[in-house]
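In the two assemblies presented below, chain A is common to both, partnered first by chain B and then by chain C.
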Partner chain A sequence: MNLEFNEDQIDALREFMNVSIGAATANLANLLDAFGTMHIPKIEICNSSELSQKIESTIDIGSMYYATKQLFTGKFGGECMFIISEESARNLGRHLYNATTPSRDDISDAVIELTNILTSTIVSRLTQELDTQVQFFVPSSQFIDAHSIVNSEDVADYSKIIIISTILDFKDQKINGNIYILTKDEAIKSLKILIDKKIEEIYG
Partner chain B sequence: MEIKYPDVLLDSLENGHMIIDDKFIVSYWNRWLAINTQISKEEIIGKKLDEFYPNINYKVLYRKIKTALLINTPSFYDTNSNVKFIPMNRNKVTTSSLMLMQQQVTISPYIACENKVMVSIYDISELFEAKLSLKKEIEKVNKLNDKLEADQEIIDRNIMMMRTSFDGVIIDVSTFFCQFFEFKKDFILGKNISTFKQDGGFSATYKELWETIRNKKCWSGELKLKTYKGEEKWVQSRITPILDIDGEVLEFSAVYHDITNEKLLEELYITDPLTKLYNRAHFDEVVNFIVKHQRKTDTDFVLVITDIDHFKSINDTYGHQIGDEALVSVANTLKDSLREDDLIARWGGEEFVIMLKNVTLDEAKTIIEKVRASVEKNKINGTINATASFGITKYILGEDIKKTFKRVDDALYEAKKSGRNRAVLK
Partner chain C sequence: MKILIVDDSKIGRMSVIKSLKIVKPDAELFQAANGLEAVEIFKEEKPHVVFLDLTMPVMDGYEALKHIMSIDKEAQVIVVSADIQSEAKLRVLVAGAKNMYPKPINDEKMLQIFEQDLLL
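Up next is the complex of A and B:
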C-alpha cells in the first residue's frame, strides 16, 4: 500500500490536529495553570533514516535536553516525543513544584507530567475524531545531548515515518518545547484508512 | 461469606492498588499494599492518605488525579525518580543496590463522577537494578574507551607503526612514522611498502623477511629504509602477520624503532676509515664466531689474502697520498668484483683479506684470477699501474683457524716469491 498521503488526507489530518492541539492548550491551562500557545502543526512524511536529522534541524544541537518519550498503541499506534531544553525544563520544574531550585527528580517528573498531558490530549483527541481508541504507556525521560535523542541505527528498520510536530510556548513562564508524534508503516496505513473513513462520513 | 469478585481479583495481583478521591480519602486498599506497607485495609479505608504518608507532595498528586479525571487517561510519576511515592523496604538479600522498592506509579481514572482514581504501584526494582548495572557497565566501557583512545593517541604520536595488506599495500601508518620518514599520510596510504626500500642490496634480507611472514611467523631484524628525501635510515623492525578466522594471513603489522645512530657508530667501529671496507677486528670477530660455532652453512669458505705488489715503491715514488689512492682503488676493485655475501676486510698496511663463501678451491681460483686481472687493469690516479698477489686456501672443517691463516700466508709468500701479480693455491 502506498504510504504517501493525498492532499485531502493531509488537510483532514491537519484539521484534526488543530482541534487536538486546541484541546491540549486548554487542558494545559486548566491543569498546569499556565497559559500557552501551540503552533499550527507541521506534518511531514520522511524515510526513517532522516528522522534524526529532521529533529536536530528544529533544535539547537549544542544544548542539553530532556527528551521524554511515550508510547501509545491501538489501531493508530506510535510514539510521542517531547523535547525541552534544560533551561525551559528548570522553569517548568519551578512552576509545577513551587520551588526556586527544583531538584533533578522534580524537573524530570514535571517534564513527564507535561508530556503526558500533551500526548494524552493530542492523541486521545485525534483518535476520538477518528473513532478509535488508544492505550498509553508510562513515559520515560532522559537528560541527553541533541545527537543522542534519536539513534539513526535504531530506527533504520522502518521504511516511512510520519512526523507531526508543533511548538509549545509558555511565554510568562519562559517554557517552550517541541512535540513530535511519530508513527510508522502499519500505523500509517491504519491512519490513512481511518482518515478516509472519516472523510467519507463527513462528505458522503 | 459473599465473594466480591473485583476484590478477589485485585487482591490476587502482585502490584499495589488503592482507590482514592481528590480529597485523598482511601476507599480501597488491596492485599499487596497491606502486606508491603504493614497497614491493613481496616486501618486505612475511610481515612485520608496524608494521615499515613504526610511526605507525599499532595499538590502534585492532586494535579495528577485531576489530569487523569479530566483527560480520562492515566497520569504517571517518573519511574526513575529517587523520591518514592510510598517508601517500601526491599527484602532482597543478595546483590541488591536498592534499599527501597523502585516504583512505577500510575493514576488511572476510576469513577469520574465521584472524583475517584485508582493508584497502581508496580515494583520495578529488578528492572531498575538491571538498568543501573547496565549504566555502570556502560560508564566502565566508556572510561576504558577514553583510556584506549588516549593510549592510542600516545602510541600514534610516539611509535612507528604500519599495517599492510598481504601483498604489501600500506593500509595504515602512525603519525610518528609519517614524521620520521617525512611523508604525508595521504601520500603513503595505498602505496606499496617498496616505497621505503633502499634501491638494490638487502635482497637476501627481504627474501628471508617475506618467506618468514608469509609462513605466518613473526620476523625481527634490521632494515635500511629511505625517507621521502632519500635519506638512509636504519630501523629495528618487528613484523607480525595478522590471521583471519580461517588462519590465513590477512595483513601484516609492523613496529619500527630508529637505530640509525647506533648503526652509524657500529659501522664506524667495524669499518676501515680509508677504504671503507671492514677492519681486521670485525673480520676476526666473524671468523672466530664461525670457527667456534662450526655451523655447516658458515664453515664452507675459502680464505684469500692479497697484498699490493711493490707498495713501498709506490709510496716512495709518488708519495703517501697516491699510496692511499692505490689502497682505495684496490679496495673498490675487490668490492666491485666480488659478491655481496663475500666478506672483505683491510688486513693491515697494503694487505686485504677475503672470505669467499660456498665455493670450491677451483671456483675461488677462477674468481680471484678475474679480480687480479681487474687490479692490474685499473690505473691508479689514471696513470700508475699496480698489481697484487693472492694466496688462496680452503678452511678445513674443525681445523684451528691459525693453521688456515698459516697456509694462506704461505700461499701468498709463494705468489710473491714466484714473480708477484699471481694467485697461488694451497
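Up next is the complex of A and C:
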C-alpha cells in the first residue's frame, strides 16, 4: 500500500489535529490559568533516518531540553513526543509552583504533568475524530541535549514516519514547546483508511 | 440567503457546508480559505451570515472579524473554531461575533445557530 498521503488526506489530518490541539490547549489554559495561542499544525512524511534532522530544524540545538515520550497502541498507534527547553520548563515550574527558583524535581514534575495532559488530550481527541481507540503506555521523560532527542533505537522499526507537529505557545508566561506525533508503516496504512472513511462521511 | 464559510481546511469548510445543506438548502454558499479572502468576498457579496475559523494563514479569524465588523457593524458572524478556550470566546464576542462554537459543527448545532444566535 502506498504510504504517501494525498492533498485531501493531509488536509483532513491537519484539521483533526487542529481540533485535538484546541482541546489540549484549553485544558492547559485551565491548568496554567492563561491564554494559549494556537498555531496551524504541520504534517510531514519522512524517512526514519531524517527524523532527527527534522526535529533539530525546529528547535535551538544549543539548548538543553526535557523530552517526554509516550507510546500508544491501537489501529492508530505511535508515539507522542513533547519537547520543552530548559528555560521554558523553568518558567513552567515557576508559574505552577509560584516559586522564583523551582527545584529540578519540581520542574520535572511540572513537565510530566503538562505532558500527560497534553498527549492524552491530543491523542484521545484525535482518535475520537477518527472513530477509533488507543491504549496509552506510561510516559518517560529525559533531560537531554538537542542531538540526543532521537536515538537510533527510536527509529529502528520504522521505514516511513509521519510527523505531525505544532507549537504549544503561552506567550505571557514564556512557556512554549514542540509537540510531535510519530507513527509508522502499519499505523500509517490504518490512519489512511480511517481518514478516507471520515472524508467519505463529510464529502458524501 | 448568502452564506460565507471561512476556513483554511477544505474538510473544515465541507463539514459546515454539509450541515448548511440540511438546515438552509437554498442558501447561496461562498468559500474563503483565509481571513483576507473572506474580507474581499464579504465586501463584494455582502453575505447575510459568515462562518469564521480563527487559526488560519495569511490573516487569522480575529483580524478578519475586526475588518468585517468595520465594514458592517451589523454583520452576522458565527465563529467555528478548534480553539475552545473561554478567553478566545470572550475575545470574539467582544469583537462582535454573534456566538462561537467548537469544531466540528453538526446539524443540530447548525439549527440552533439559525434559531437562537442569528438575527435574520
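We adopt the following convention: the second predicted complex is superposed on the first by the 199 of 204 C-alpha atoms of A that agree within 3 Å, B and C clash if a C-alpha of one lies under 4 Å from a C-alpha of the other, contacts with A are read in each partner's own complex, and residues count from 1 in each chain.
Rule of thumb we're sticking to: contacts are C-beta pairs under 8 Å (C-beta built on N, C-alpha and C of every residue); 3 or more make two chains touch, one makes a residue touch a chain.
What you see is a predicted model; the values in this text were computed from it and never measured.
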Touched partner set for A:174, first chain B, second chain C, both or neither: neither
Partner chain(s) touched by A:25 [first = chain B, second = chain C, both, neither]: second
Partner chain(s) touched by A:98 [first = chain B, second = chain C, both, neither]: first
Partner chain(s) touched by A:120 [first = chain B, second = chain C, both, neither]: first
Which of chain B and chain C A:199 touches, first, second, both or neither: second
First, second, both or neither for A:189, with chain B first and chain C second: neither
Chain A residues contacted in one complex by chain B, in the other by chain C: none
Touching residues (chain side chain A, partner chain C) in the complex: 8, 11-12, 14-15, 18-23, 25-26, 29, 35-36, 38-40, 198-199, 202-204
Footprint of chain B on chain A - complex, ascending: 27, 30-32, 96-98, 105, 108-109, 112-113, 116-117, 120-121, 124, 136, 138-141
For the chain C and chain A complex, residues of the former touching the latter: 8-12, 14-15, 18, 54-57, 81-88, 102-104
List of chain B residues in touch with chain A within their complex: 57, 59-60, 63-64, 66-67, 70-83, 104, 106
